[in-house]
Amino acid sequence: MDALSLLWWIPALPFLGAAVNGLLVRNGQKGLVTFVGLAAPGASMLLGLTAIWQYATGLAPEPLRQAVYSWTVGEMSIDVAFRLDPLSAVMTFVVTVVGFLIHVYSVGYMGREEGYRRYFSFLNLFMGAMLLLVLGSNFLVMFVGWEGVGLCSYLLIGYYFDQEFPPEAGKKAFVVNRIGDFAFLVGMLALFASFGTLEFGEITERVLAAPEIAKAPYVFGLSLAGFVTLCLFIGAMGKSAQIPLYVWLPDAMAGPTPVSALIHAATMVTAGVYMVVRTNVLYQLAPEISLFVAGIGAATAIFAATIGLAQNDIKKVLAYSTVSQLGYMFLAAGVGAYVAAIFHLATHAFFKALLFLGSGSVIHAMGGEQDMQKMGGLRKHLPLTYPTYLIATLAIAGIPPLAGFFSKDEILAGAFAGHHHLIWGVGILTAGLTACYMFRSVYLTFHGSFRGSHEQEHHLHESPKVMTVPLVLLALGAVTAGWIGIPTGLWEMAGFADHNVLHHFLSPVIATLPGVDTGHHLSHSTELLLMLVSVAVALGGWLVAKRLWGGERGLAADRTFAERLPFVQRLLANKYYVDELYDRVIVRPLAGLARGCWKIVDTLLIDGALHVGAFVTELTGDLGRFSTTGNIRNYALYFFAGVLLLFWWMIF
Amino acid sequence: MNPEYSVSTAELASLAPEIVLTVGGSLLLLLEAFAPRLRRSFHWLGLAFVAAASWYVATLPAGPSFAGLIEASSLTAAFSQAVLLAAALGLLVAPGYLSRERLLAGEYPALLLWCAAGLLLLVRGVELLTLFVALELLSLCLYGLAGFHRRIASSAEAALKYFLMGAFVSAFLVYGIALVYGETGSTRIEGIAAALARGQGSPGLLLLGFLLLACGFAFKLSLVPFHAWAPDVYQGAPSPVVAFLSVAPKVASVVVLVRLVLLVAESPLGGKWPDLLALLAAASMLVGNLFALVQRDIKRMLAYSGIAHMGYVMIPLAAPGPHSWQPVLVYLVAYVLMNAGAFAIVTMIYGQPGEQHAISSLAGWGYRFPLLAGCLTVCMVSLAGVPPTAGFLGKYFVFLHAIEHGRLGLALIGIATSLIGVAFYLRVVYMLYMKPEVAAPEGFVIDFGGRVGAVIAAGGSLLLGIWPQRFLSWVAASFERL
Amino acid sequence: MSVPISWYLLLAAALFAIGAIGALTRRNGIAIFLSIELMLNAANLTLAAYSRLLGDRAGQMVVFFVLAVAAAEAAVGLALFIGIFRLRRTIDVNRINLLRW
Amino acid sequence: MSTSFLDLLLGDTITRFVFFPTVAGLPLLLMRRAPAATVKIYALVVSLVELALIGLFVVGRWGSTGALLARDAVLPWIDLAPLSVVYEVGLDGISLPLVLLTGLLLPIVLLGSWNGIDKHWGGYAFSMLLLTTGILGALVALDLFVFYVFWEVMLIPMYLIIGIWGAERRIYAAVKFFLFTMAGSLLMLIGILWLGWTYGRLTGVWSFRYEDLLRLELPIDQQLWLFGAFAIAFAIKVPMFPVHTWLPDAHVEAPTGGSVILAGILLKLGTYGFLRFALPLFPHAADRLTPWLLALALVGIVYGALVAWVQVDMKKLVAYSSIAHLGFVMLGIMACDLVAWQGALIQMVNHGLSTGALFLLVGMLYERRHTKKFEDFGGLAKPMPWFATVLVFSTLASVGLPALNGFVGEFMILVGTFKAGWRWFAALSTVGVVLAAIYLLKMLQQTIWGPITREENESVPDLGLREALTLAPLCVLMLWIGVAPKPFLEPSRPALAALLEDYRSRCAEPAPDEPLLAPARVSAGSPTFAAGVVDQEAGR
């Protein structure tokens, strides 16, 4: 089978599934819904994997571009085209595999929901849009996917639409994303206006051929590259939940848990990272913006990690953890470690999806309860969920040889190598915090004794196979995914040939620009030292967590903390009051302005002026008409006076 | 006998339309006396006379007659036909009203026909005395018609006011004639023109004389500031009379006024005359529309609207020349149709003549009188000057003339005021269709003739707007000599 | 040596003015009408004077017509006065103002 | 051989589909006592025949590569030399999309008013048909006088539709609509007359023909005045800030069908007027005033969006959103770039589709609940899943979600504006994109999402078959244009390109000090109509 010529079917199949489920199938036909809902992404996954395999084994040109049809005409001729290159291959792999597993999991998790059909339709739609995003050959197709995933995110966060909060959260997600998208759009406009094309390949070629165009001053003292990358990064901030646009992601947890796993952990939120890496040639030409990216990434990483420490909702912890890890990825991209960013993206997809699905399993067992304060000691009730959750926690904490260790280590090494020591410091601190709050969640959830109601305890049960099998498969990924990117240094120290597969695979998409030095090399000893430091920090974080929350200690530490440092605790628990700040500083003044426009400008000024004008006209008429007194003598006088006045006027 | 004063058959024949009308009127009066049972057919007879007059007008050979006291040309024919159209409409809508008010009598058509004869004479007269006599002939008839509803005070009051004002103004007119005659030595337009060209006479007295003449006819046209009588008379006089009164005398008076203005403007006295007309036009448009805006009585509103429309008609005279005739004629024909149409419908659907003709009582009647309300709507839209109606065609030519001859300011005033106009014409439409009915109409009589009149007026207004070609080629033919 | 034409004209103008003022100031309808007749006659006087000056009969012709018309006007006018007096019991024009504004 | 109007009316012509609705609608006025169903079906059949007439006419000429698809024989209309006016209509790529949209919306509007209009259905349908004639006529007029007449013909039926079948404050809204529009169009009339006169002064023969008037080269001060007159008329129709306040009132008070036609097509005549008349006739003035108009467009985008956001009435929200959307169209038009123009043109259609659908949906809701206030809704997705689906779909199209139609237009407008050098306007107007999401999602939030707060909302019936049929074509087109806009963009391109080239070349030369007459262009017409004329006259 020549999967490469069928490239466009990879996103098309899920769309088809969504359409069939959405329009043709009826609510009651649950079996059919499940079949369609799984077959579409499943087929897409198989097709994707085959295509990647055929591509990687050299059956395809380098890189592969497939134009389906031309979208517009004339001066702005843009094709709907797909592109398979190492970067999109990695992304496609992650998206289809993780996506499919989560679909399978959903069959169990959502099985009793009334909106089962709707759910699968949206989920398939999401898969389609996400694949459009990663496989698109130009910014336009990417943007279609970009907004498409945003839409699905909106719809799925608001899945429980008959409650107050979820649709609100969905709206918030969409709007905040839109703020980013607007910058993305401006960036696209600047690119198109400068290069006349939106094709990734062409833009990269042009920039490589003549970097001075991109370096030429554009606006605000920024170069073209600087302006475009800044815009694109603002877009990424929205999608990937970076400061200051991260606020939607924690709220997004209002959606069903598999959705959180798929969209708000594994795939959609990483789109920003993908985009930055995709346009790395421009970022390399805009060092100041790259540094900004790294700074934002680092700040987000530690900021979210601190909030994660004080959250009691298990999904909220994971959400802030996601924000924090995404910050890590941007940190990597900002310091020029693009491969590391994608590496972390991939490993994160596995362990974070696993964490979410695990938490889903917990919530499922708890009958919808998400508050860790009411959990505890679940490990004996959830024999499969617990170990997989633990594996994922170890992975995210960066314990070797699990996936997170390698990817996180590569990021930190990249930061250190680029002499961004402060950023490295923040990164390492975040690593410790990550280990700490993640193990906190493990201890509070699975260890100690149960703190919920008897009724809940009675109902505790392990999830069905259809949910646990994906957990196991993902756990496998969380363990092994890191091995494709074992650092060159380790291979060499161990005396092997360099088997850093990912690096070699991805190197073609990382542009090498003359005069831009990306190859900061660390000595093997430094690299090893750094690894040890990060492992030590991770273990330290774990130990702290164990001391505070391990065993039967439960919530005692939290209470002590709240008593000793009430201010800090409240600050963290309330997420630094950022939502409130935004509300006061942006939303309300804007609403006030809008109301002012309506009531004052529209109603009072414009309509008022009109009404006054009409009134004055009418008043003139109304006063004037009394000149027609009804008395004939007055009329005669008017005539007489009129004649005299006109005569007077005529002779002078 | 001096052969100069003998009357030839050809000259008599040149008076054929007027003679037909006068004889017709007299005949009807006789029939009223001797065969009152035929009353119901009087108006149809009258129509026949109007038709005959119309035919005579159409076939009249061009040229002066009666030693140049009157003349016939395609131009006078065109305006005469407009007058006759108004007379026909006035006759068509009257019988329903008259029988409803138990006023049916031969005097009505008789007065109307005599009045029409006076109007035709006014259109054709080119000598001051002829004009004066014609004017008095038509005025006296109109006084009688305005007071035709003997039993109600408002009708009598309207007639009296009209009479007193008319008499007052005619004194000025005669004085003007005297001055012009005295300073130029002639009462014929041609003679006056020649004298003016020679520079004969005292400019001051001539100016005064012409001004008095112009004001006299401006009074007939109800131009501001000589307008004040119009609302009272329109409101008080019987509605079918107003349908005639509000249009026919205007057509004829405009002809005289145009003649006068052209006469003066082309003479050494010219100077400020165009500006005078511009002033009158602007004042009329403004006052007419502004005062109409606040009226609650539809007849009174239409009176003020008529004032405004005469302002529009005057726009081409602000840049006088032979080219002024054409827009004036187009506008007047449109005005005859839409204004007479509006009054015709008012005649029929307001059942109580003495009462106020409140616009608000039209509420919801659009569904009660679908045909008449539709016609009224068309007339209102046409009066408002919205295409595709005759009113728009008229405005088009008038504004075009203004722009062509550098009177842009006047055109802009015209536009601003027509916007005000839209507001009150639309009020009628929304009353008809958009308000719930508050009171059922009472005592109304809708007869065949009235319906025909309304349809002719409204249909004509629409036709002139949509397919004006035939009308315009007729107009064009009327001005071939100019 | 005859009276200069201007005297006639001035006399006529004065008569006209008196008539006009009378018409404007009287409240009785008939008085107003009488004043108007005065104005008409002032105009007639002007016509006659000019006619004499110009040695042209046309002016005097006009005078005859004006007189005739004035008579007709008087007839119609009086009829209207009677009509209104029947209905309103007054011919005070200040009070004949049912129709206004 | 001279052609008569009747020949045109009966032949395969533009005239036929322009006048067919009114002529075929006349019997409706006589069917006062006929059963309601008969009247409705008759009107619907007329509208479908009309759609077929337009469709057949266009399909037969689709392949022609030139700018002008067709033109009817020129007839004398107001024949009073030298003040002659001819009746001349033609169809080109610029008017084509809007003509098709009009034809499409007509049956939809009638079907959508099936039960919503509860009195004088025949009169309503006739008003709609008359309105259609006015719209189509204005879109195909190639003579400014003819254009003006059709432009005004639209007023009365719309006035009646708002005033008779509207809501409580309908008369205020109707009069406001009428006066606003009339104020602008009277100024335009003076401008048109002035142009015709100037042409007459230079040639001795008056003319209001578009192609003749395009040859006029006016001094800059005259251009500015005339452009002002035209621009005010069109800006009121669009409507642009600050002359927009009639629109919310008109929309809120108008019946559903009236709103759909108003938003769907009537407003587009303003933007169409800019593109077709104001810019090409007065290039230098337009060029000089471009920044100001762009600024007004931008203000409209942001202002409309902001005000829409705080509305408490669903219909008013959609109305204000129209101001914002039309702001985008104006931005594209004033950018004077081919991509932007294409975007603006397709955006006119898009807005007609998505906003039309939204108004229909609001109307359907109103028929069920007799309220349009947000506070009375909430949680309607539960009882009305299909309604919610279509509402979400149309809203998203309106928001400008990629792969739906709204995005195509907005994107092309932004690209064109940015490319043409108006970077700041393009960048700032994207704020409107963000705000669009805010207010439209607010609408969804308060209507279909959330718990049901009113008992009456528990059992609101979902869309019926008729309603689904009304909405389906709109939805299909929204998706189609979004996914594959090329076939919709292609027919307009040559016409727009020619117009733009002409505009640019005229702007490049300085304005003369005295009015001049440029030599007649190739094949005695503007380049817009030069290429590939399918000469109807030759065929006769």
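Letters A, B, C and D mark the chains as written, and numbering starts fresh at 1 in each.
Definition applied: a contact is a pair of C-beta atoms (placed from the backbone, for glycine too) under 8 Å apart; a residue touches a chain by one contact, two chains touch by 3 or more.
Since we're looking at a predicted model, the values are computed, not measured.
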| item | value |
| --- | --- |
| Chain at the geometric heart of the assembly (C-alpha centres) | D |
| Centroid comparison with chain A (C-alpha atoms), farthest chain | C |
| Chain centre separation in whole Å, for chain B relative to chain A (CA means) | 79 |
| Geometric centre distance via CA averages, chain D-chain B, whole Å | 42 |
| Separation of mean Cα positions, chain D and chain C [Å, integer] | 65 |
| CA centroid of chain A to CA centroid of chain C, Å | 98 |
| Of all residues in chain A, the ones touching two or more other chains | 625, 628, 630, 632, 636 |
| Junction residues of chain C, two or more chains touched | 20, 23, 32, 93, 96-100 |
| Multi-partner residues of chain D (at least 2 other chains) | none |
| Chains touching one another, given as label pairs in label order | A-B, A-C, A-D, B-C, B-D |
| Chain A-facing residues of chain C, complex | 20, 23-27, 32, 93-94, 96-101 |
| Interfacial residue positions of chain A with respect to chain C in the complex | 625-626, 628-633, 636-637, 640 |
| Chain C partner contacts - residues on chain B that touch it in the complex | 128-129, 132-133, 136, 140, 143-144, 147, 150-154, 156-161, 163-164, 167-168, 170-172, 174-175, 177-179, 181-182, 185-187, 231-233, 235-236 |
| Residue ranges of chain D in contact with chain B within the complex | 5, 29, 32, 76-81, 83, 120, 148-149, 152-153, 155-156, 159-160, 163-164, 170-171, 174-175, 178-179, 182-183, 186-187, 189-190, 193-194, 196-197, 200 |
| Residues of chain B defined as touching chain D within the complex | 326, 367, 370, 374, 381, 386-388, 392-393, 396-397, 399-400, 403-404, 408, 411-412, 415, 418-419, 422-423, 426, 429-430, 433-435, 467-469, 472-473, 475-476 |
